[in-house]
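Handing you a structure now.
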Amino acid sequence: MSATRILSSLSKVFYPASIRVSAMSTAGETNALPEYETLSLSSPQEYVVQVELNRPERRNAMNKTFFREMIECFAALNKDSNCRSIVLSGAGKSFTAGLDLNDAASDLFSSEHQSDPGRQAFNFRENFLMPYQQSITCVEKCKKPVIVAVHGACVGGGIDLITACDIRLCSSDTFFQIKEVDIGLAADIGTLQRLPKIVGCESLVRELVFTARKFSSEEAVAMKLVSHVYPDRPALIEAAVKMASLIASKSPVAVQVSKINLNYSRDHTVDESLDYMATWNMCMLQSEDLLKAVQGQLQKETPKFSKL
Amino acid sequence: MSATRILSSLSKVFYPASIRVSAMSTAGETNALPEYETLSLSSPQEYVVQVELNRPERRNAMNKTFFREMIECFAALNKDSNCRSIVLSGAGKSFTAGLDLNDAASDLFSSEHQSDPGRQAFNFRENFLMPYQQSITCVEKCKKPVIVAVHGACVGGGIDLITACDIRLCSSDTFFQIKEVDIGLAADIGTLQRLPKIVGCESLVRELVFTARKFSSEEAVAMKLVSHVYPDRPALIEAAVKMASLIASKSPVAVQVSKINLNYSRDHTVDESLDYMATWNMCMLQSEDLLKAVQGQLQKETPKFSKL
Amino acid sequence: MSATRILSSLSKVFYPASIRVSAMSTAGETNALPEYETLSLSSPQEYVVQVELNRPERRNAMNKTFFREMIECFAALNKDSNCRSIVLSGAGKSFTAGLDLNDAASDLFSSEHQSDPGRQAFNFRENFLMPYQQSITCVEKCKKPVIVAVHGACVGGGIDLITACDIRLCSSDTFFQIKEVDIGLAADIGTLQRLPKIVGCESLVRELVFTARKFSSEEAVAMKLVSHVYPDRPALIEAAVKMASLIASKSPVAVQVSKINLNYSRDHTVDESLDYMATWNMCMLQSEDLLKAVQGQLQKETPKFSKL
Amino acid sequence: MSATRILSSLSKVFYPASIRVSAMSTAGETNALPEYETLSLSSPQEYVVQVELNRPERRNAMNKTFFREMIECFAALNKDSNCRSIVLSGAGKSFTAGLDLNDAASDLFSSEHQSDPGRQAFNFRENFLMPYQQSITCVEKCKKPVIVAVHGACVGGGIDLITACDIRLCSSDTFFQIKEVDIGLAADIGTLQRLPKIVGCESLVRELVFTARKFSSEEAVAMKLVSHVYPDRPALIEAAVKMASLIASKSPVAVQVSKINLNYSRDHTVDESLDYMATWNMCMLQSEDLLKAVQGQLQKETPKFSKL
Amino acid sequence: MSATRILSSLSKVFYPASIRVSAMSTAGETNALPEYETLSLSSPQEYVVQVELNRPERRNAMNKTFFREMIECFAALNKDSNCRSIVLSGAGKSFTAGLDLNDAASDLFSSEHQSDPGRQAFNFRENFLMPYQQSITCVEKCKKPVIVAVHGACVGGGIDLITACDIRLCSSDTFFQIKEVDIGLAADIGTLQRLPKIVGCESLVRELVFTARKFSSEEAVAMKLVSHVYPDRPALIEAAVKMASLIASKSPVAVQVSKINLNYSRDHTVDESLDYMATWNMCMLQSEDLLKAVQGQLQKETPKFSKL
Amino acid sequence: MSATRILSSLSKVFYPASIRVSAMSTAGETNALPEYETLSLSSPQEYVVQVELNRPERRNAMNKTFFREMIECFAALNKDSNCRSIVLSGAGKSFTAGLDLNDAASDLFSSEHQSDPGRQAFNFRENFLMPYQQSITCVEKCKKPVIVAVHGACVGGGIDLITACDIRLCSSDTFFQIKEVDIGLAADIGTLQRLPKIVGCESLVRELVFTARKFSSEEAVAMKLVSHVYPDRPALIEAAVKMASLIASKSPVAVQVSKINLNYSRDHTVDESLDYMATWNMCMLQSEDLLKAVQGQLQKETPKFSKL
């Protein structure tokens, strides 16, 4: 039996049976979620928001509208006290085919470009590279945990995107590809920067970057890019929503401070990270959530936490 | 056959047969070890000290006395030239149930608290967060390698503790739990800061942090949190002491300078780490241990190193 | 079936069949490669250079000449526009036995040494530690990807060397050993500094460092030090050259900027790494390779890239 | 003669006489500048924009509208190719009295606050501290040099603001005050973070922070917070505009890349800063400005640079 | 008139007349201060503690007892809620002659030393270098501002000590000397590490380090090492106590958070420092001191702050 | 009296009269110094080497030969045990006119350039920017203190050069100019990276960078770029050699370890710098220089130190 299966089966044992989730169910409390052209939002469970990449006819290729809407969407969810955890998924046959080359071509190969390489460089930096990077980074900066559920193809910009998420799940039919060198580029919106830090296999990462070869869900889970693999898309979405719902049932103070400090620790020394953590918790230990949670533990009851 | 078994069986092949250890044996040279209320010290082999969490009736829950005694104990072992490696284990049915909530409650929920949130924050920082962090960090700062042998339950503060050790072993009955969000907290004494840096699976780490679900020894070894798993506690302790004894037979200069530089490298760039290493070794290459060790290699004899 | 086999078989699926490589073939375009005493250079494929450690009678032990020639060789290859990727391998029965103790003994144990420990320390730092570190680091600093193909023994300094390479492959007969503590030393030319950052299993790394025990190719691939294992040396070399040839067929701008940024990202925060990446690409997006590669993709033709 | 006078008189010698500026003159090319409630924009010279704090009846106290408009204004100027340098000044009797306490009181002391200290902390962080910090930081992040011309009072938040500017000038009647401890606060939007890095007198800085005492223009210039002092407001504005106009006559590529790299160098090591600089200039050395400027130098003519 | 005099006279203008201090007066509320062999403590004003180096017969040379007692003393003052600011001064003719060579000789030149340079290095590090560094660093880590009042000689270790203080004042008869190279040493307990960061004149600093020449109070104030100079010791002590008393009258929350963040900012980027500051203040803005201080400002009354 | 004069006169008082130097005298022990095309080396005093920029007919403009020879020269002096301190000066009427534009033009404006902006960028980086940066940085990396004596003009690349020296002196006729923006460039070989860190007046530094205006020796000493100013070139050289000779009389271990740690401290936190310092001194405290120097102090005799 492969490592993938072992991990997958093990985790099932531990999730409490009380978390019963139908991926299609609608949460009781419905508040209006914002609407977008390239993204579709829904709330499959209380406090859980599912964000779906929604250009299935273009295999969810990432165009300028998408990059802009991602920033708007995650800024809104970051502030929305009805959202405690997020599932990110793709509509249609694939998670995403990556950068929409037709859409980007006008930026990259326009004849109206600045003829001066210096001015053109500033143009690329400010109107292309920086906004696209921010679009991916907004997922990481969002305080609410983001579980990405990947199926079908996850190519190029798709890898940049999933490496900025907190938890990565996929269906067994998924294939991945760090496509950038095949279009003459170094991956510049997150893959080279985040991927080596979220897995522990630099040798394989560099092979995948330099060769641009495809890799399967089995290889993805073996390299720990993905933590669980599921037989098909419905099982994947169900599991992702279930996990999101479990997270949403916890103290939002505890969960969000944990995400903020995990992000911080990745980029700082252990000593600095401990000091930062203490600076957060000298306040958060005064939060009502601590008492509620401890009481819940002692009385074997599920605590209800106020909105944050 | 699972990856766990493969790793476990492989490593047996390589340990030299000459290292025969009975976990119960007492080292020839006995010097008085300090005594503590919550810790029990013994010397199962020459130059090896075993530190046992010793409140089995409370499942070795971590109380204020424990946090203070850990600092005293590891400061003493750090200076003790009869100690070259340390085995950390738990007495009774479990390694540790984590923070002793009854003990901490007086700090966290006392009615005598400062009513001013600013003053209360200073109070928590100085009398609670900082000393508890130091208690865990003293294991990392100790120059002697620390092998932790985990069995039964390893919950909450137990995870903080084992991530500060050098080598993690467990028995197959062990379960682990990053419990903090379930008591309304972000893990603030080491787990969020160290765990992602000692394994290579950010996706799984974040799931375990945000959901607080239990995970088994199989999952722990698959995620590389633990490097070897043993059938039961006696086999675990025997293996830990054997490994500690092997380490204790090496040049203490070489071993301690290695630990100091492994700690340093985790928190610095490769170039800085190489410079720091060179600064240490421009002196340590003048140590007598180098010559003794090289002679030992050439003459196929086991060298004897002076105390350090 | 072990994880090793799974990974190994998976990757075969994905390499495009059009890459047909005979490890013995000679590239069409032959330009004179430099000659060395301890290294042997050849070009098995267009744009691929194979560097072979070539003191087989001494099991490729690393002597002063080797350390100097490595710097010269990789400086030359870094500038050579006919070299786009590098395979590093060892002639004879083993990759390398590590530091040549006979050769180093004159530096380490000479009776002509400075008697003043302060002056001796400066001597060691400048004439021994720094140049040896640079010799290993020059592999990392070289812009062209370096695939190391390890067989037989890879001991001591050999580990320092392979951790500075981009991609690590081995044959199933290989054994590895972080030997340094056995000669009374902390590993000072790269292992302690790089190894924990390229795999994700700190517990095992520290065991291997402190015990100096040997480990097999199976354990090496399970811990992700090595990304693929092959049945024997010919299969290993063939696979390494094939992979190098595939990389050499890509845009050299894309590949080299990728390596530079992967190196940078390892040592910086994600935000700093994204900014650095954008600073590179605001120029590189103006390169002709981008257009050539995109056209190639659209027209299903293999693009030809100019020398870099 | 005081150091202030010496510096002031010296600098006059060096400014080329060809730069004749009337502070009141209007630039030939007028393009519509955006309008704000708390800021007033004008263009006293070609490519120079003067931003004036414009609530003189409230001594330009900084309210929520001001903090928001600063972000909008500097984002617009950052993109405006007709703006190459910026003069920041205050209308009326003073530069600024600092934070508008009446305006902030509703945020700080509202009875509608969250009663949970944890939730209240999140509220302060996201709706108060972070936006106010960004408002000041946007001056630093703007690529165009910002010369601040200070007169009258510069208190509290005013110090935070001027430390984020590039060049600080004042009139002799100015007094300064790091006011925050007098309202029970640590200066949290820039003073504690930037002031010690832009002057070289930690002892005096800490006295001024801990005592909140006022200090005069003479002391400000002696401590190098301000680089030139002028007899009165008209002379100050004239000098600031003249300096801004001189800067606006230079290559915008050269000036903006210089500011970006000065900012970067403050926060990085010299080696990192050199590498970053080289990464910028490997592109910028291809800009037409280099050739234009060199030709101008050789032909003793003033070059005209394209918009950026 | 020299810059020294200007600065000195200016600052007098700004201190509110209401702060009337007799350096000899005793504070109303007397609580028992700890007693030491090498240090003498008193409380010249409410909430102000004066720590005097007290081995005048040895010109306050720094011996092992002194280094140990400094750590004990500043740990105690750090916790003492009756201490809000500290004046550090020297009894007798001089502030300090620096390291007590007679006392240190036994550590440095003992014949009982380890003969192995490696073991001797560990000995020096742990029993000499680290504790002496901590002794100086404890002044910096203390949350309460430390004003050092220097007179007579301030030599060698004295420079290390004053660079760890917050505010440096001296009498006009003072001379300074970075003495270390004259005893064959690099200054290893703070001068090389802190001095260049608290003044802005690297050229002069390096001259003073490499030549070990003496420099006067005039040069010290011109280089901004010292912020004010006074005619004699009584005037110096009076001014130091007055300044300390003024600081002690402010909100202790505001003052201590300011010191903590000034220390942090010195060692971090501006962006990191702003984030850390916001993390502190999201709690401290909830402190009662803010409201008390603002009310005091509005009502022109001096607020009374609770102990911290 | 200006601050310049005060500083200048003060320092004379403190230099011991026993250091009598005639700038023209030749050191007793003459060993062959290497010869260069653009540099002229001599030894005016024992252990002191004077390096003179020696293209007076081109006002010591910096050409490719100069940049290469600087690296060779300082590498040689770094190893030369007869060299303990270095005086850097310029032959003829000026220190240097900066970059030799005629020489650089072939690199910058050649018609043979790569037409691909990506390949051209690599070309500039590797053949122009990196080697020129290294040429300046080699002065900083040299372990021996470098005193630069500036007269006449110090323009453009000259500023880059002097900021990499340890101690800066000038004659009163000197003028300085950060010339780069006037040739369409950001200063890329050291000025933007080092200048703000060696003085404490960011406002003035940015003005000088953005305006490229000239500034005089008076302004240079007032801003602490230069620590002493002398009436003319002979007095300047005499003072520089005298200071170099005094430094050369000290323990070379103490001086070089001091320089190495001053460089390190500039780029690291105080805590990191203290740790690094302790790591050096745990070895250097075992050097014979310590005992010799202490004995010299006690016996009022000048110690003689062995070569290093």
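To keep things simple, chains are lettered A, B, C, D, E and F as they appear, and every chain counts its residues starting from 1.
We take it that a residue touches a chain if its C-beta (ideal position, glycine included) is under 8 Å from a C-beta of that chain, and two chains touch if they have at least 3 such contacts.
Keep in mind the model is a prediction, meaning the values are calculated, not measured.
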Chain pair with the higher count of C-beta pairs in contact (B-C, B-F): B-C
Pair in C-F, E-F or A-E that repeats A-D, with over half of contact pairs matching by residue number: C-F
Centre distance in Å when chain B and chain E are each reduced to the mean of their C-alpha atoms: 38
Rounded Å distance between chain D and chain F, as computed from the means of their C-alpha atoms: 33
Chain C-chain D separation of Cα centroids, rounded to whole Å: 49
Numbers and ranges of chain E residues touching at least 2 other chains: 3, 117, 121-122, 197, 199-201, 224, 253, 266, 279-280, 282-284, 286-287, 289
Contacting residues of chain F [partner chain C, same complex]: 79, 116-119, 121-122, 126, 253, 256, 283-284, 286-289, 306, 308
Residues of chain B that touch chain A when the two form their complex: 2-3, 101, 105, 108-109, 117, 120-122, 124-125, 128-130, 133, 137, 140, 180-190, 192-194, 196-197, 199-207, 209-216, 218-219, 222-224, 266-268
Complex contacts: residues of chain D adjacent to chain F: 1, 3, 6-7, 10-11, 13-16, 85, 145, 166-168, 197-201, 224-227, 243, 246-247, 250-251, 253-255, 257-259, 261-262, 265-266, 269-271, 273-274, 277-287, 289-294, 297, 303
Residues of chain E defined as touching chain A within the complex: 276, 279-280, 282-283
